[in-house]
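Structures are listed in the sections that come next.
Here come two complexes built around chain A, the first alongside chain B, the second alongside chain C.
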Partner chain A sequence: MLFFDLLVQGLIQGGIYSLIAIGLTLVYGLLRILHVSHAGLYTLGGYIALLVTNLTGSFTLGMIVSMVGVGLAGMVIYRLIYQPILNKPPFVALIASIGMFIAMEEIYRIIFGPYGITFVDPPLQGTFTVANIYLRHSEIAAIVLAVSLITALSLFTRYTRIGIAWRATVTDPEMAQSFGVDVIKVRYLNFFIGSAMAAGAGGMVALLNNLVEPTMGSVPSYKALAIIVLGGLGNVKGTVIAALIIGISEAFGTIYLGDFLDRDSIAFALLILVLMFKPTGLFVRG
Partner chain B sequence: MNFRTAIRGLLFGTLMAAVAITATAAETIKIGVNVPLTGFAASDGTSALNGAKLAVKQLNDAGGINGKKLELVIYDDQASPKQSVPIATKLIEKDKVVVGVSCSYSGATRAAAGIYQEAKTPYISAYAIHPDITRTGNYVFRTSFVGEVQGRAGAKLAGEILNKKRAVLITLNNDFGKSLVAGFKEKANKYGITILNEYPYSIKDRQFGPIIARVKADNPDVIYATGYFFTAGPLVSQLRAAGVKATIIGQEGFDTQTFIKIAGPASEGVIITTSLDRGSKSAETKHFIEQYEQMFNHKTDMVAASGHTAIKVAAAAIQAAGSTDRAAVRDAIAKTDLVAATGTISFNSLGEVIKDVQVQIVKNGEFRHYAVISDAALLAPPAQ
Partner chain C sequence: MEYEISLLTIMGISIIGALSLNLIVGFCGQISLGHAAFLGIGAYTSAILTKAGIPFFIAIVAGMLLSGVFGLIVGFASLRVKEDFLAITTMGVAFLFMGIIRKQEVLGGEMGIAMIPGSGLGKFGYMLLVMLLAGALILFSIYLKNSWMGFTFNAVSADENTANLIGINVANYKLIAFVLGTAFAGLAGALYAHNIRFIDPESFGFIESITILSMVVIGGMGSVWGVTIAAVLLSIFPMWFQFIEDYKLLVYGGLLCLIMIFSPEGLSGISEKIYAGVRGKRSDASS
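Our next item is the complex of A and B:
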């Protein structure tokens, strides 16, 4: 039973990591920028989902407002931070992004206080038991959300015009442009969708922990980088698989390696191992 | 990340300049404070500083010390030794504080302690727990328990007071968690406790699913869980959601209303060892609790009480010394016998506090009095 418990916990964590990392890998694929402040948007997603839920009593509404609001915030970050420095060397954008992330953490602290905030009446607190595995409804919701968002994204990029244009741009921006794709529009779309997915993860984590802190994004800010490198930078499918692998490794690692390996170091140990044998990551960009 | 530090450093420099300009009022007795007001420890820092501010207000409203008003000189150290060391130098040499108080964590406090010792300026650690802090020298004191002392009290609570003998340890993997657990393990045998398993976790963890799956299989009577409210809140709620019914014992790190808010109904019945007794009959403690809640409009906690206590100890020593001579104040601190918000305070030869351990239980969404542990031999702090 322990095996299934750990597997399920790993899948939940992996699902959340995927939602965060997809936005990051998309930005990298499109602009070659390591978008560290993405983790700040994830935190913002947690704050908005929680505050709207507390205000209206509806977690669903909270999640929708959060995803749309953070999606727009992602577009604003692109416009204000990245667009003006796109022709500079990549480290300029990286520094700007790190600076933005620190600023966001401190802004959250100033606005929402250092103690972190909680749901007044946390929804989805029941448990569901099958074969002695207890699952909180909130955990089930996290899995459902991750699966449906990732499926929706894949359908969107496969079957809609704008989705296909997007995929084309990620693969080869110049060629796409010469076929008449509006690259600027694609970039906005990219930031909107990536940020909205991170907000979805933020809202779910807020619920799972019943806590949103200013520093909630600090672990994802670097762990998501390990995931997208492992998944082959810019590769969405690879990123999802890498996220699940890391989630599951962490679940088992916490129990079987916990005495000498910190949970957060497992992702990086795995990353080093993989890069030693396969320097392009597990999945080559496609 | 270095960029991060650089940018924070820049912000911090600006802040220091601002503080320096405002801190020039004459005819006051200055107490220096290093406290994390930004970064990951900002919540504890804010509480501790609020407690310290309340102590200064109470003392100044009552006429000050030796006819002079007290003044806090406050710098944000982000709980980082890189910040606390220059802050200590600045407080001692530029601001000419009589006493320094650390409202910060162990890393920052330990690093600053050396500077205070060298400058022969008394330094009081309000709630940092690393044993080496007081070992720095005879000018360094601590008004809170070292981790081991509280861990030993935890063992007595589990094995004797609650009579729970099959324990699982869920240990926060830092100096705080490790020293608590070291004390618990040291006395576990004495109280007949069998330790079934120990699971370490990192301070960044909020999801404990894998550990909880294992704990269920262990089926303990009692869980000795070390952590801070932001790890303990999610941990306790996830333990209960997974159907784990064992009694949960926590410590000072749980001691804030935010813990109860995060864990919700799951926090009911959690028992902690701490320094603040909500059911205290002592006027000092009662006034502290009432006035804190009035002044800051939220429930008080152990960290706030600790900041308050450290300032009261410093002020009482300055008064007893009758001067602001740092050596005389040090000697007066060493002789402290003071009723403070966290109990009756005195120090051993190393500068470690001697006081009772308070046991509190969560009932109807609040911490309430449960027991007091005042076993002097069990609670004896290290003397060297």
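Our next item is the complex of A and C:
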């Protein structure tokens, strides 16, 4: 049953990758910025979820506080870092964002210490077995969270007024503005939702590994970039599919390519391979 | 004296590394986030060759050439994609490089390569060699910047489509910049390997790529003097002030972020503004 085990692990990992990558691709779709410090917010999400859980004993409360808090932090980053440089060439925002990300990791190290922290009493540790596949409750929670957040997002953008205004702004900011959409509000909303989803992923990863450390975001930060490129920069559906592809190929790759390539470079091998044949990513923006 | 010599050596290597990236990012406007990987190729090549008994000078030249060859291959593959895609692709190449090295026992794997032979020139001689090479690269950069090729690079960097329209073969010039930059990066890496005498995949990771990029950005992309000065400052400050060494990444990251927000032209942009300001006041007074 190795095949199914790997498939399930890949799907869990892919679900978490898509939660992180959706925020990135949303920011890119709206502002054409590669928001590297997004991964710093993901780490912050892990810290808040863990600390609040340890303090109150409720993981649900920890996740809610973490998602709201990090969503607000995302809006602050937009206001302080990106808004002043929106009209500059794209590399300016990219480098500022990388600088911010490195500084954030260092701040976490200074505040929380270099070795990482764990749950005092980790929740959802039970296990259960379906058709010989062995799953932890926390893994099921991760899948449920990913599926429900992604579904909620797609319903939100399809059926609410503000969601429709958001899609209109992504398609054509000037036209949307002339129809009375408050573009600035849309941007804040964009950062709030994207960052909150990353915080959800951060909280889940904290629980799955029972560990949050300052460098937790390093690998996801690069990998999420590979994922959004594969998904066709700015395309949410493409990003989710690309995240699942990467999650599953990593799960299988670790077994079959392990002697040759380490796990974290599989995403990039795939990325470079795809870009050779399709320089615009797997899915065209739409 | 010992301390000053090692400081100057590290400074010289930083200058070579920063100017090599400046050829790609500054002159030609192609963002590369994986430059440290090319330092790595130079370092590994030279380290393995000298350990096999090949003389030092041949080994560092081989490191430089091999790095340039890899630069050519990566350039072919990645210069088709533009701007944001390019930044991510170069980063991906660097990860791939580290990922492969980690798994190859022949290349030292996770443990790296230790006991790399020195240059045989002594500490002082080595410092002189490094300084000489750094000086030569500064002169070469200035020469290149004011040559026809430099102007062409400038055009490509300023507006690719217009450059194409007036008959510049944009792809070729990007490739030339990439090969030159990566070859010099290989040289910097080889010099680094024989100075520290120990290398592992971590020595050429993403943070190192960003450290080199900080030098170029803080100095002012494309400005030879700005980048040289930034390389000098950013390599010696962490040694002089323990505070900066402890919080190196916070300082680098914060500086990158602040410079981008307030003065994307870096030190050279700031000094030009001050100079223009002083001149402006004088002309006001005379009129």
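Annotations for the structure displayed:
What we mean here is this: the second predicted complex is superposed on the first by the 286 of 286 C-alpha atoms of A that agree within 3 Å, B and C clash if a C-alpha of one lies under 4 Å from a C-alpha of the other, contacts with A are read in each partner's own complex, and residues count from 1 in each chain.
The criterion applied here is as follows: a residue touches a chain if its C-beta (ideal position, glycine included) is under 8 Å from a C-beta of that chain, and two chains touch if they have at least 3 such contacts.
Since the model is a prediction, treat every value here as computed from it, not as a measurement.
Shared-chain residue A:Asn54: touches no atom of chain B or chain C.
When the two complexes are overlaid on their common chain A, residue A:Ser154 makes contact with neither chain B nor chain C.
Once chain A of one complex is fitted onto chain A of the other, the partner contacts of A:Gln177 are absent, as it touches neither chain B nor chain C. In the superposition on chain A, A:Leu2 makes contact with chain B only, not with chain C.
In the superposition on chain A, contact of A:Ala226 is made with chain C only, not with chain B.
In the superposed pair of complexes, A:Glu213 makes contact with chain B only, with no contact to chain C. When the two structures are aligned on the shared chain, A:Asp264 is found in touch with chain B and with chain C.
Contacts of A:Ile95 after superposition: both chain B and chain C are touched. When the two complexes are laid over each other on chain A, chain A has residues 95, 98-99, 102, 106, 218, 258-259, 262, 264 in contact with both chain B and chain C. Considering their complex, residues 1-2, 5-6, 8-10, 12-13, 95, 98-99, 102, 106, 109, 113-116, 118, 122, 125, 127, 129, 134, 136, 139, 205, 208-211, 213-215, 218-219, 250-252, 254-255, 258-259, 262-264 of chain A touch chain B. Across the complex, chain B meets chain A through its residues 1, 3-4, 7-8, 11, 37-40, 42-43, 45-46, 173, 199-202, 204-207, 209-211, 213-214, 216-217, 230, 233-234, 237-238, 241-243, 256, 258, 261-264. Of all residues in chain C, only 31, 33, 77-78, 80-81, 83-85, 87-89, 91-93, 95-96, 98-100, 102-103, 206-207, 210, 213-214, 217, 247, 249-250, 252-258, 260-261, 264 touch chain A in the complex they form.
Chain A makes touch with chain C in their complex at residues 28, 32, 34, 81, 84-85, 88-107, 110, 218, 222, 225-226, 229, 233, 258-262, 264-269, 271-272, 275-276, 279.
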